[in-house]
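Read through the structure below, which is laid out as structure tokens, and then see the notes.
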């Protein structure tokens, strides 16, 4: 039976994203204190899935997620979700703006609400918390520590809090993308608007390596949607690449590109093929559909005398 | 007269890195609470330089630095420094390990010392702080809040603290790279072991863009040492590239590559040419030295009848 | 004063092509028995120019011309011309088709008129001649050797012959392209629809050489119109490349591509920039006009602090 | 039963090449007057094979062979042979150098012996013939027409002639390469030192086509040994490419490259995989052996969940 871990505590953006996915319907959802613990719960079989953040428009990639998926015990991505990041100022019922002298939140969140804090609460002290939802939870657990928290709006419902102000972030366009992760096994079928995630380790630090990698994709008409060099943690200057490309491993062009990478790289880790959250279908250049591959294979078999 | 801002408070890794650089000699060094504030101090002329972290082996790129340099008011990098990340457990003189029940530090630092904390202080509570050096400062400012802080060793000297345990991080190889930033103006001269940093904005979301960019470098024999796609903050899926390449803009091959990028990209921002912290010289393939460029130019001038 | 050698004898397609060019107007035109002798006449100063065939739709490249220009004493192409290849059956006045038992012509020409010969003169014997125009001349010089010659129509006027049948070639679309050659010196100015010819010698037989060469062109948006590998005559399997590209060496993109080739190749020989015979202007991709190059150079100079 | 056509008449370099091949052993060999007629004999079933010249170090490609194979009724190459081009001066027994006033030969041969003729027979008249062996045959058939012929040495044995002078060509390194052609059917097996010949027709005249083609080869580590653009005979400026690459279509890397070309090109014609005449094995870069392809396929099948 399905059960899903998510980056907690209750009331996080992860929970908000999860509740917007069909997978959450009638499923047990359990908060975990860190990305690593949520993923380990999948690895141990304690849960069947975990939803963790992977990319944020303001902070960039979530490196703990990239590194856990890229180099930890094997897991695969089976779905993704992206939601806007909207911060709210939450307080215990009865608290007014005039009462707020101390505001708790995660340092990233206070950085993203700096403009609003300066104009609306110029005299408030900001108290760092381990997470935004944790700051909201603290309003209930330690009522004397601070008067308000910056947190996702969902946390108000979860903890019985009041929304003093909504959408107080400086950047309307902020978003976070989450991935739903499971043990390797059956893949979601192709939908025509898919994405495939890979971790690529180079054979050695040779200058043309990245160009080689990109050529393996481009020669089969596969577009990249994200690429990042990440230090391997082994030595300063030793990198691996984390890559998202358009298409599903079941697509002929993606499969051939992956096999090509397998020959060129020291190691390729397949991290899943899954439906894009935005449903955007790839614009394919001529000659790279499954039909084109099938007809080329049939021609080749004829040339080789296999028929 | 030279004066250098750094990411504070006093006792940070940034200060430790700065003290290891010749620039610090006899120079006024001022801590600032954030990367943005340190950089703004350069922009306003309050200081001549700022030293800020740009990349960390564990957390990856420091996105606030990348985004400030990539899209904020123009600044250039004039030097870089990398130092190992070594965490120490600091306390007020007289405190022993047995006294420690609460440990304050930045969430990233506690994550990187999780193994040591589990084995050496299994019962201690970890209290989140805005920065590691700030946690050390707190030992002096609020003596009753907690007994110890995880911080750079330098913070012991700065705040008159005692080192209860040193090198307590789980990863011996962790490092952080810092860049010294100034207003655009005279560039440091080429040393033969230089690096150039760029921000590249694409003309549109066209699939082959990254391959095009890499080809502009590779055709002139210029190797990349770092590449990263970063969201532009405008819309989900709209990216720019942050790139480090080997060589100095005064090198003919680098200059021609940059001019090529200027023609291919919507916008190129030059973020400086500076000596590599590791002094590593590029391995050049035949045909790409300044002499090769000069002799090709002379030949071309002859062919064009300019002589 | 201008004087032009051409591949003779009188009445050849070369003469026909030359008479269609403005250069021929009021100029002394002298036939030479071979491409090499015509080109040597330019080298020695006996004439100022020579018109020689370089490519034929049926026979392909004229290798003696390619090799003379590619590896002989330096000459440059200053113009080109292409004309349709139309064969006529010529005879002395008074000869009728019924009289024709022997037809002289060059073996290539008889091969191209095989269909017509089979249907119209099934019983005639074909006598090989050194050139088509020479066969026509022979009708006058040795009246008993044969009754008719297959030759360019122009030869009828030149030698006072009668046209028994016109356009007797099997292929209506056949054409020959000629180049006008001079000593290196002042180049024709760019017209906006130019072509540049090069000979490229590789550094060694390394597999990626051709890809490297093409990339030097493509990265600057310069299209090739012809490429051919030619044996160097040194050893079986040792090749050079003969290349035509769009544009004039005075164009910034072509100049930079040539300088790039100069760095990559063992040797580059420039064989001229000249107006295309068909006046076809290149379709340029964004970023490769002279204005784009000038603005990139100005930007680079600013970055380098040269202004 | 095997029977081989060759470019005649008897005594040609084609016959000399054929006699040096194991295929000739105990086989009926028949001279044909032209490449087209020799190839048509294979097409009609009159013979099982034909040996025709395809490339000559002095004259370049034999365009009639390229065009017949590239665009005529389908045939495939099953073997190749290369021999040095050595010209001899042949005469009827009893003739001395002093008797020689007229020398018959093909115009290409007289061009290649120009130096020797100038120094050794400065007063002799050169009479054009349709072929060198034909000139030798003429010494017997029409004893009064001329005294000597420049021809392959083999023609002396064939026609009972005397060798007045041997190796009289100006270029010691001249060679001709021949191909043995058959109807499409069973392919020769791979030997580890093979070559594959293709004709590639482009989808349209688009600038990057050649770069695309080369990338299909290079991304699979397949090296080209010859490439040529050939006019299609349809229109001035409309080309196809004739290509030789290293390896056998049964090799995984060559097969995948051919399938890739099939998707990119308007049309690909496979002209055979056969042992190289020089037995030279390819230097392969890492990742492109059959084992590498097999292990990548197995990995991909695992990723796709096919096992």
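As written, the chains take the letters A, B, C and D, and residue 1 is the first residue of each chain.
Just so we're on the same page, a residue touches a chain if its C-beta (ideal position, glycine included) is under 8 Å from a C-beta of that chain, and two chains touch if they have at least 3 such contacts.
Keep in mind it's a predicted model, so treat the numbers as computed, not measured.
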| item | value |
| --- | --- |
| Touching both subunit B and subunit C (chains) | none |
| Distance from the mean Cα position of subunit C to that of subunit A, given in whole angstrom | 61 |
| Centre-to-centre distance between subunit D and subunit C (centres being mean Cα positions), rounded to whole Å | 25 |
| Sequence positions of subunit A contacting 2 or more other chains | 215 |
| Chain-chain contacts as defined at top | A-B, A-D, B-C, C-D |
| For the subunit A and subunit B complex, residues of the former touching the latter | 34, 55, 57-61, 63-64, 66, 82, 107, 111, 128-130, 171, 173-175, 177, 207-208, 210-211, 214-215, 218, 223-231, 233-237, 239, 278, 283 |
| Residue ranges of subunit B in contact with subunit C within the complex | 185-187, 203, 215-216, 219-220, 249-250, 255-256, 258-260, 262-264, 268, 270, 286-288, 292-293, 295-297, 299-300, 303-305 |
